[in-house]
Amino acid sequence: MASRGFCRELYSCIFDYSTPRIALIKSRKVGVMNRLIQLGILAYVIGWVFVWEKGYQEFDTVVSSVTSKVKGVAVTNTSALGTRIWDVADYVIPPQEENAFFVMTNLIITQNQTQGHCPDLPDQSTICNSSHDCIPGFISTHSFGVQTGQCVAYNETVKSCEVYAWCPVENDTELPEPAFLKEAENFTVLIKNNIWFPKFNFSKRNILPNVTTSYLKTCLYDRMHNPFCPIFRLGSIVSEAGESFRDMAIQGGVMGIQIRWDCDLDKKFSKCVPRYSFRRLDSRELDHNVSPGYNFRSAKYYKNINDVESRTLMKVYGIRFDILVFGTATVLCDVIVFQFFKKRYYYREKKFKHVEDYDELSGNEEHGSNP
Amino acid sequence: MASRGFCRELYSCIFDYSTPRIALIKSRKVGVMNRLIQLGILAYVIGWVFVWEKGYQEFDTVVSSVTSKVKGVAVTNTSALGTRIWDVADYVIPPQEENAFFVMTNLIITQNQTQGHCPDLPDQSTICNSSHDCIPGFISTHSFGVQTGQCVAYNETVKSCEVYAWCPVENDTELPEPAFLKEAENFTVLIKNNIWFPKFNFSKRNILPNVTTSYLKTCLYDRMHNPFCPIFRLGSIVSEAGESFRDMAIQGGVMGIQIRWDCDLDKKFSKCVPRYSFRRLDSRELDHNVSPGYNFRSAKYYKNINDVESRTLMKVYGIRFDILVFGTATVLCDVIVFQFFKKRYYYREKKFKHVEDYDELSGNEEHGSNP
Amino acid sequence: MASRGFCRELYSCIFDYSTPRIALIKSRKVGVMNRLIQLGILAYVIGWVFVWEKGYQEFDTVVSSVTSKVKGVAVTNTSALGTRIWDVADYVIPPQEENAFFVMTNLIITQNQTQGHCPDLPDQSTICNSSHDCIPGFISTHSFGVQTGQCVAYNETVKSCEVYAWCPVENDTELPEPAFLKEAENFTVLIKNNIWFPKFNFSKRNILPNVTTSYLKTCLYDRMHNPFCPIFRLGSIVSEAGESFRDMAIQGGVMGIQIRWDCDLDKKFSKCVPRYSFRRLDSRELDHNVSPGYNFRSAKYYKNINDVESRTLMKVYGIRFDILVFGTATVLCDVIVFQFFKKRYYYREKKFKHVEDYDELSGNEEHGSNP
């Protein structure tokens, strides 16, 4: 009996359907208020979640590769170097980097350094009156040599501690102003950027399919008139970021070239285009004078006839351009639409790849097919 | 009275319990439908949220370090250079990079350049009949020098504007085909990749603990037979990506070596292994001939006996290999299990580190301990 | 009539308000339990979602630029090189990198290499008794030359196969121990890091506004006493990561310098500070001796009086320091507060920028204005 009662209990527990009892209020005022609240919630869901936050879409972030090629020649005329021409092999150091390139704009050059003994550059810790002021083995913070313990004449008026170093030591107290390679302002750089969205296996490059070779040979990026030309004038990059190239060239700095790919893959293939923006990444540090700007030391090594090594030391000031690629691709989340879409954009890719249609790029027409 | 009424009101507002009145429908049809809908929701939550989207797990992304070492020697025999051997110090430029390495495959070399005056490379803007065609101070887009205003003989038939430049100027009109260093196809590279998941303090490297030194000395990556050997033949990397090394070597390009670590840290330590895949990152650009492939200019500087600087200019074509490390680690979100797990995988790490068991790697057995 | 009935139906469907009928249970026990459960849910929402997970805040990740500058001089005295001084242009290779810098700590140097014929370094595959053991055109795995087919004397006791290579070939069997440039332990590096949170247009740098130039000239990072000094002793970086610099200097390795910016932008501008941590990124690989540590080959090229090219080959061991910048910024999600806040932190930025107040940094006072 108990078991039979339990079975019936279980049966009713599983198959009985309990639902709240509903009171129907036939008041127009209450009814209107109820619907208004419901409409508000609906509007929020559609407006905010779907339209604004794009909650119905699937996201993917970008995989990118960047190569760059700088062009330009500058002529300098100084007493130390005479007339000298500088081309890309001279001023881009190192010759290739992954997502960046460096262009020399200013230079302190110290030629014919050999290892030996010479007076150190006079400063607070190296100026001396006698050998008692110099400590053998001591390395001053700003020195590039080891003190020998002697006090020798640096020039006719000043004596400084002798060091064992690459001699003569560099004198970087006077930085050329205006910058030694101020002509770098007119150098140009071709940036090639290929992107790939792994989740959607969608790839594109910043040389758009409708760009012709002849256009590429003559174009120069301009935010208004040539927003898709991948060739940039260095001076324009800096001025677009609101900085002065002439100022920046003296002490050096770091510039960011941002390439943004925000692609709604439900739209046309030709709508997925790069947007360039520029930004100074280091701060000008007006309030600190410890190592402002950007510089590093590089050397070229030589051997003379007697097999003695010498070097030309270069304290290189310049602008490092970091190329930062951002991007997201979105696709309708609905699986059925997604399947359909995949074929569609593949088709589009095929269709649009070799069409040269400038209107597609420069125009700002309404997006036709909003699914 | 009013206050007392308010108190009672408040009391009943706080402690009265309002619940919807329930109607119990004893219909088997309705009951079954109700349960089916509930089962559907349950199946969705468990199937989609938990099993498919792994909503119960905690994620972490990877911190990675990559070093690479290329090996290989090539011999070339050209009229300009004679018989010459190329080793790693010659063809990897710069000698080290952070997450990439570059291997020279083709080369246009211009030896013994010195600063001076010489005829420019003839093209549309530099060919001249008389000095009137040349503008002093003009820098042609493709030139590496500044025009002096003279028109001089480039060879017996052609005259071109004289430039002040590194002379003689580079002639890059003819690119060696097949590529100068086509033997680079057989060079190998050892890639060392260490990963770390900060949230779980889990680290591993791509030289797996069960790999012996003798195996490392002889193995070569093969997707089928040696999927965990960290030594790659450059030719195989390119062909795995569906490209031809011989073609790519001529103009250069950018290859991506993708290392994917998707680790379910609830599983065995030995199940967390790298998966390699390869992809050409630049596009072949069949429809554009402006600066296709990948090349840059690099120079070696010399000084002769009279202290005059000369240089060897190299227009270096080659393949840059970008190593891209992706990865996520997942762990059961349950805090208790997590605590327990932490010790367990630590124990496993200790236990499995020095065991050399090839089966663990190559086998494809079912995951035994799914908590 | 039917239409009129339909209209009334529709009207009542739209404007009738259905609500569950409520049963009011006037039981104190049930009422208290009900409120307790509600309080629990409320506590969970506020405590977990808001306070712990910070669900009310908007996040943003960091865009960062890093430059570094190494300082230090070392003197070495070896039979091969004599007394020699090493400065930054000698030991940092390449001279600049994007988010990393490399410091040489050990060196195998092979001077005056020229292309020619010489005996290969004897090992299992190159030791020979007669020319029959050597295969013309064969390239041994560890060799840097092509065998000519001859068997020649390497030294008085050993014969090895002759190779066409850069001669004499490098002998890297004996690695200097202690490391050649063990003084690198005392070198220092100034790291300049600028960050930017694009969503909030908030930027800051690791040289904090209250740091004076004189402090920067003398300070040295110390986790306890100078946690915001951006100048690091290389030896300290390695020891903070729990490694021995002397050991690491011999074979080389990869160190990670992590800079973490976790900024709650609702707090004071001066509370958003960098946290430094250090970590060895490669593993010590005690159980593998194939290419442990970190090294690469670099060469300096010379030309002698007869225009014959020679080179100095350097097998450079050293430590690559990868600078990894992490960071998130959070801001109250509430739009009104956000608008208000934007002005406020702008104001703060202005206000605090030029104040030099050490207390702000070193102190650990309570956050005053928690909105």
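Letters are used for the chains, namely A, B and C, taken in the order the chains are written, and counting of residues starts over at 1 for each.
By definition in this document, a contact is a pair of C-beta atoms (placed from the backbone, for glycine too) under 8 Å apart; a residue touches a chain by one contact, two chains touch by 3 or more.
Here the structure is a predicted model, which is why all the values come from computation and not from measurement.
Least-squares overlay of CA atoms from chain B onto chain C yields a rotation of 120° to the nearest 5. At the interface between chain A and chain C, under half of the residue numbers appear on both sides, which makes the contact a different-residue one.
Once the centre of each chain is set as its mean CA position, chain A and chain C turn out to be 17 Å apart.
Looking at chain A, residues 20-21, 94, 97-98, 302, 305 sit in touch with two or more other chains. In the complex of the two chains, the chain B residues touching chain A come out as 20-28, 30-35, 93-94, 97-100, 102, 115, 139, 141, 143-146, 164-166, 254, 256, 279, 281-283, 285, 287-291, 294-299, 301-303, 305, 307, 311, 313, 316, 320, 322, 324. Interface residues of chain C facing chain A in the complex, by the touch rule stated above, are 12, 14-21, 63, 65, 67, 69, 71-73, 75, 83-85, 87-90, 92, 94-98, 112, 190, 192, 194, 196, 203, 205, 207, 209, 211, 213, 216-217, 300, 302, 304-305, 310, 312, 353-354.
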